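You will see subunit A twice below: alongside subunit B first, and alongside subunit C after that.
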Partner chain A sequence: MHESVLAASSFSVQLNLLSPLINGIANGAAYGLLGLGLVLLYKSNRIFNFAQGEFATIGAIATYVFYAGTGVLPKLPFFLAALIGLIASVGVAVLTERLVIRPMFDRAKVILVVGTVGVALLLIGVEGLLPYPKTQALPSISDVFRVRPFVTRIDQVPVLDQDVAMVLMLAVLAVGAFVFFRYTRTGTAILAVSQDATAARVVGISVERISMISWAIAGLLGGVAGILLAVPPAGSVTPGAFTGTTLTVAFAAAVLGGMTSLPGAFVGGILLGLIEAFANSDASFVPLLSRVQNGQAELAVFLVLLVVLMFRPRGLLGQEA
Partner chain B sequence: MSVSTPPVAATLGLRDQARSQRRVGVRVVAALPLVALVLLLPAHNGYASISAYAAIFVMVGLSMNVLTGYTGQISLGHQAFVGLGALTTANLINTGTTAADPFMFAVGMVMSAAASGAAALLLGAVALRIRGLYLALVTLVFGSVFADAIFTLPSLNGEDAGVKAYRPTFISSDYRFYLFALAMVAVCFYVDICVRRTKIGRGLVALRDNELVASAFGVNVLGYKLLGFTISGAIAGLAGGVFAFWTQQFSDKDFTAAAGFNMALTFVVMVVVGGLANRVGVMAAAVFFALVSPISPLMAAIAQHTGWLNFYTDHKFYISNLIGAVLLLQTVILNPGGLGQVLRPFARWFAGHPFSLHDPDGGSGVGAMEGSSVRA
Partner chain C sequence: MNRPRTGIQLLAGAIALTSLTAACGLKPDATATLKTGAGAAAAAASNGLAPGAPGSTSTAPGAPGVTGNAPGGTVAGGPSGSVPGGTVAGGSNNGGTTNGGTVAPASGGACGVPHNGTTTGITASTLNIGLHAPLTGTGTPFPNSSFQAGAQTFWNQPGHTVCGRKVHVEFRDDTYTPSGATSVCNDMAGKDFMVVGGGGTDQIQACATAPKIQQLGVPYLSPGVTDNGLTGLSNYFALSLSYAQQGSLVLRNAKQQGIANPSPSQVDSDNISGQKAVWAVVTANTKNFEGARNGIEQALTAAHIPYKDYKVDQNGDYKSAATQFGSQLAINGFKTIFVDAAPGYFVFMSGGYYGASSVNTANWVGPGVTYTEVTVAQYICTGSKNQISGHAWFLSPAPGLDHASAAFKNAYSNKYDDIEWALWGLSETLWNLLNKANANLTRQNFIASTEHTALPAGSVYPPLDYAHHGGHFGGTGAWVQRVNCGETEPNQNQNGGWDTVGNTYLRQF
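Moving on to the complex of A and B:
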C-alpha cells in the first residue's frame, strides 16, 4: 500500500501531497505512542490490552483537572499536573494488573483480553460519572511554553510544534524502551517471563513482580500518550476519547510494525498515519478507495492489516520470540 | 465440576429421574408464570417496544453463542453483521411511506440473513486463516471499516436521511411486532439447538477444545470454522432485519463510530456474562442488557422513582457501560460459568431432569475459549 503512495508522491506534486504527509506523520505519532504500550504488553504478557486507550485518557483527565483547577482541586503548574496525570495512569495500570490480570494468570489469553475490554468499559463508565468539563482539552506544548503556535511552515503548510514534540517523544520512548529490553536486567527478565514463566521462576525471577512492572510501564506510556494527544484541535479529555477510534488504528499500526518490536511501533505508527492521510486526501490513484465516500482511511487500515497478517504475520520489524 | 457417580448414587439418580418424570404437571405449572411474563407483560403498551428490542438482543446473543461458545472465536465487530442485515432488508423493501408488502417483508427477512451470512463467509475465508488473538483484532477493524465505508454510502443510507422500513399492517402494533420478534427468536433458538446437537456442533466443539486432536480425528478445520462463522453471521443478519423494522428505518448512525463500537462491546459482554456455550444463560443476559440499555424505559423509571432522573439522563450511556463492565469483570474473574451456571439447575429441571445443584455436565462451557485453538 505505502509503495503506491510514495510512487504517487514522486510524480505529482500538484495533488497537494505535502499537507497529508505532515498530517500523516502527526497522526502516525499518535498511533505509535499508543502502540508502544500495546507492544510492550504483548511482548511481556502475550495479550492485547484494550484498556491502553483508557490509561491514556485517565492520564489526560488527571492532568487536566489539576492544571485547570476543577472544583476544589488546586490549580497547579502544567508539569506538576502532568506528573500527577502520569502517576494516575500508572496507578490505574497497576490496579488493573493486580485486580484483573493476576487472578487470571493461568487462564486462556482470550479471557485475559476480554478482561482488558472489561477494564476499558469500566474506566469509560467511571470517567463519564466524574464531574469535570468533558469537552475541554489540554494545553499544547506551545501554550505551555508561551511561544508562537507554529514552529515552522513548509511550503505554506503549518507544522504544529505539538506534532514535532509528539514525533520526538515517540522516537525517544521507542529507543528508550528498546534499550530497556536489550540492556537492563529488568528488561531481559520481562522477556524471560514472557518466553517461559516457569523457567524464569526457576532462575529466581519473581513473575508477579515482573508482571506488575510491565503493566506499570505500559501505564506510563499510556499516560504520556494521553497528555500529548488530548490537545486541540483534534484531542480532548472526553471519556473514551482514544478507545473508539485511535486505539483500533494503533493496534493495526503495532501489527504492521511487528507486535513484538518497540521500534516497530514507531515505524508502523508513522506508516499507518501516512497511509490513512493519503487515503483520505487524494485517493484517486487507488481505484478501490476512490469509490467509497467515507471511511477510505479505515478501509486502507483494514486492507493493510489483512495483508500483513496473511503474508507477514510478524510485521515489518517483529521477531518470532 | 463433574461429580463422580458410584453405583449407589447412579441408581438413586435413576429412581429420582423416574419419580420426577411423573411430575410433568408440576413443571408445566411452574413454567406458567414465566410464559405469562414473556407473553403478557409486553402487552402493556409501555413495555412492548423494549421487549421487542430485548428479543433482538436475544437473537444476537444466540449468534454470539454459536461463534464464541461453540467455535471459541471472539468477534469484536458483530455490529457490522447486524447492520448489514438491517441495510439489506431496508433497501430491498424500501417502503417509502407505506406499510411493507407481507411477501416482500418475508423476502427481506430471508435476504438479511443471507447477506450477512455471505459477508461472514467472505470475511471468514480470509480471516480464519489468521490464528489466535489476531482474529479478534481483524473483526474489530472489520466492524468499524464495514460500517464506516459501506453503511454511509448515500445510495444505501437514503442520502443520509435513513431508508424507511415501515412494518407490514399485520404486525404494525408494537405488541404484534414483539410477537413476531419472538417467533424469530424461536427460529434462531432452533438453529442453535440444531448446530449444537448435530455433527456440526460436535465438530465445532471438538475444534474449540483441541484443534490438533480434532483434525486428527478427521474434522475439517477450516470448513467447520467457516460454517460456524457463517451461521453466526446469518443469525446476526436476521436480528438486523428485525432491528430495521423495530426502528422502522435503516440509519447508518446506529452502527457507525462510537454507537457501533459500543454495540459490538455489548454483544461480547452479553455472551461472556451469560456463560460461554450456554444458550439459556446467554439469552437471559441478552434480555438483561437490553433492559439496562440507555433506551430502556425501565432504567428511566427506576431513576425517576429514586429521584436521580436528571443525573440518569445526563449519564445513561456511562451507566449502562459501567453495569456491563462490572458484570463482565465479575464473571471473568470470579464466576467463569456466567449467568448460565446459576440458571442451569433450573433449566435442567424444566427439561425433565431431577432438580440438583450438582450438575453432571455443568461447566462444560467453562472450557470454551480455554481451548488450545485460541491460545496465542
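Moving on to the complex of A and C:
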C-alpha cells in the first residue's frame, strides 16, 4: 500500500513545483484579501475582528441574491449586484461599530474581541435563516466576461482568470491602503486615534467618526474578498463559510506579515498560501517526508510562524504603528 | 507600546496552538465547517418499490390487533414467538414503566408483556426512540433541518404503532462532533428504548460506544458505515451494508456503466507493477475508512485493474488542500475516481478537478450513505459548474426520490427531500424489527431477536439478514444513485439531486 498523499515517487516539475506554486499564490491571495481587513482594524482599533469573515459572506450573499434574482428581488447585472453586495458589507460593518464596538469602546480590548466573535456567530445564524440557495456560488470572472476560464497553462497547470484577478486586486488594495494611511489626513487620523485616542480628541479629531470610517473600510475590504472568493470551484455563499475555513489562516497570514502592515497582509497571505501548497503537494521523493501523512501543512505553517515570531516578533513587515 | 505586541503574541500563540493540535490530528471543532464526515445516514432513505419486495408500502407490519404474519411476508423469525408469554410487569431499570397487561399483538408475532429485561422508554401506550444527527454547529457539513423535521412523520401515520404503542422519536442534535454525540447518547440511554444514529461515521461510533449505551445495553442502530470499532459490539446493528462490504458492488456498478476501464493515468499503479493506474482510490486517512479502502482495492486487484491509493488528510481546514489535490488528479489524467472521505473534501476535490480541466471528465464512484444527500449534489454541481452532472455514482441504502412511494409523498404533503425519504426507510425498518420482537419488548430481547432476524425488502431498504451474517451487519444490497444537476427536489430551492440507476438494487448477499 502506498503511503503518500499525492502522486509521484520522483521529483516532478509539474506536480512538485508548478502546481503548488500556482495554487499557493491563488490560495494566498484569498488569505491576504481577508487579512487586509484584519490588519486595518488592528492598525486602527487594536482589536482582532473575528467578524471579518462574515463581512465577506454578507457581501457575497447580497451579490448573489440580486444577481440571481432570488425570490421577489430583481435580477440585476453582475456589477450592479456586486455594488449592492459591497454596500451590504459596509452597512453591516458600520452597524457592528455603532451597536457593538462604540458602546464598549472604553472597555478592555479583549471584551471588544469577544464582541466581534458574538457578531460573527449572530451573522452566521441570520444568514442561515435567510431564504436563498445556500449551496450556490457567484459567477467567476470568466463567466462574467464570457471568456475562457484560464489565462494560460504552464506545463498543463492552468492559471485561472479568477486567481489572477484576486492577486491583482490584493496588490491594488494593499498598495492603496498603504498610500491611504501614509499620505491622507484621514489615514493619519486613524493612526493617531489608534495610538492615543485622548490626545487625538484634544487636537480636534473625532474619534467616533474615525472609528466608523475604519470599520466601513474593513467592511468594504471584506465585501471585495467575499465577492472574489465565493466562486467555484471551492467557494460558495454558504453561511459561515469564510469564518469556518479561511479566517483562521488569514489571521495567521496577517501575523506572519505583520499585524500593523497592510503590505504585510499581502506578503503574509501569499507566503502562507505557498507554504501550505508545497506542504500539501507530494513529497514522496523526500525520504523522511514521504512518511508524513497527517497535518503536514499545519505543521509547516506552525514552524514558519514560530521561527518568524522568534526572530521578528512583529512579523515580516510589521512595525510599531 | 507594549500592548500591541502582547496582543500579537497572544494571537500568534493561539494560532500556533491551533496549528499544533491540528497537526497532531486533533480536530478543533471550530475549524470544522465542511469538514469530516463521511457520514451517514441521511441519504439512507429511499423509497419503496424495491424490486422483488413483497409489497411496497403495505409490507409494513400489520396494525395492532393482528396476529401472526411477519412483516412483509418473510423470513427467519426471531425469538419473538419463543419467549414465554408474559406475566412480569415492568422493566428492570431506568424508569421503565411497563405496566404489565396484555398488549394487542402485532404482525411479528403475538404481542406479549415485556418481562425479564429492561423496558426503559416503554409504557403500555408509548415507545420512545432516540435519534441523533447533525443539525447545528460549525462542524456540521451540510446544515439541514430535515432530520428534525422528518423524525416523527413515519410514526404519525395511521397504524404505524408497535403493539398499539405510539412511537415517539426524541431527536437530538449531536453538533457533528463525537463529544456531542457521546453527550446526547448518554442522555438518551436513560430515557429511550433504543438509540438510532442518523449521520456521521465518527458520531455513530462515538454513540455506539458511549459509556451509558454500553453499561445499560441500549440497542443502537444506524445505516452501515464503518465497521471499525463497531464489530463485536453486542448492541450495535448496521441497517445496511458497511463501507467495506460495498467495495465489490462499486466495481460491479462501474463495469455495468462502462467506466471501470478508462484510459490509464500518468501515475504508476500500486497493485500491478509496470502498469499505470487506471483508478484513483481516495479515502480519508483514518481507521474509519480502512474498510472502504480495503474493500475496493481488493475488488480492483481481483479484477486486475491497476489503481493508485491516496490517503487524504481531512483534519483542520482542508479546503485548499482538497482543491489542490483535485486539480492534480486532473493533471495526472485520472478518469475514474473512487472516493470515501468527508463530503466537504469531495466537494472541494471535485471542484479542483474541474477547475483544472474543462476537458477531462471523471466518473466519481463510491459507497453510501452521505454522498447521496441532496446537499452534496448541490455543492458538487455548483463547484464543478455542473460538469459533474451524470458522472458521480454512489451507493445508497435507498433509491432516489424518483422511486418515492405515494404513502411517503402523502405523509409529507408533497414537500419532501431525500433526507426525509431516508428517514422514512429507516423508520420502516425499525418498525419491522420492533415488531419482530414484540412478544417481549425488552432491550435484551430486542437484541436477541434482531440477531436472528431476516427481513424482506421494505418499501425503501433492500432486504436485511442478520440471521445468516453474524447477527449485527445485516445489509444485503445497495441502490445506485447518479448525480443530476438539472433537477430540483420538491422542497429545495436550488438545483442538484440524485437519480436512481436501474430498477433494482445490487445484491451483495
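Basically, the second predicted complex is superposed on the first by the 294 of 321 C-alpha atoms of A that agree within 3 Å, B and C clash if a C-alpha of one lies under 4 Å from a C-alpha of the other, contacts with A are read in each partner's own complex, and residues count from 1 in each chain.
Here is the rule we go by: a residue touches a chain if its C-beta (ideal position, glycine included) is under 8 Å from a C-beta of that chain, and two chains touch if they have at least 3 such contacts.
Keep in mind it's a predicted model, so treat the numbers as computed, not measured.
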Room on subunit A for both subunit B and subunit C (clash or fit): clash
First (subunit B), second (subunit C), both or neither touched by A:244: both
Which superposed partner A:252 touches (first subunit B, second subunit C, both, neither): both
Partner chain(s) touched by A:107 [first = subunit B, second = subunit C, both, neither]: first
First, second, both or neither for A:46, with subunit B first and subunit C second: both
Partner touching more residues of subunit A, whether subunit B or subunit C: C
Partner chain(s) touched by A:313 [first = subunit B, second = subunit C, both, neither]: both
Contacts of A:299 with subunit B and subunit C, given as first, second, both or neither: both
Contact residues of subunit A, present in both the subunit B and the subunit C interface: 46, 48, 109, 128, 239-240, 243-245, 248, 251-252, 255, 293-296, 298-299, 301-302, 305-306, 309, 313
Interface residues, subunit C side, partner subunit A - complex: 1, 3-5, 7-9, 11-12, 15-16, 18-20, 22-25, 30-34, 138, 142-143, 267-268, 270, 285, 297, 308-313, 315-317, 319-328, 331-332, 348, 350-358, 375, 378-379, 382-385, 493-494, 496
Subunit B-facing residues of subunit A, complex: 46-48, 99-100, 103-104, 107-111, 113-115, 117-122, 124-129, 239-240, 243-245, 248, 251-252, 255, 292-296, 298-299, 301-302, 305-306, 309-310, 313
In the complex, subunit A residues that touch subunit C: 1-9, 14-15, 19-20, 23, 27, 42, 46, 48, 109, 128, 131-137, 149, 156-158, 160, 232-234, 236, 238-241, 243-246, 248-249, 251-252, 255, 259-260, 273, 276-277, 280-282, 293-299, 301-302, 305-306, 309, 313-315, 318, 320-321
Sites on subunit B touched by subunit A in the complex: 72, 74, 76, 126-127, 129-134, 136-138, 140-142, 144-145, 148-150, 152-154, 257-258, 261, 265, 268-269, 272, 315, 317-319, 321-322, 324-326, 328-329, 332-333, 336, 369-371, 374-376
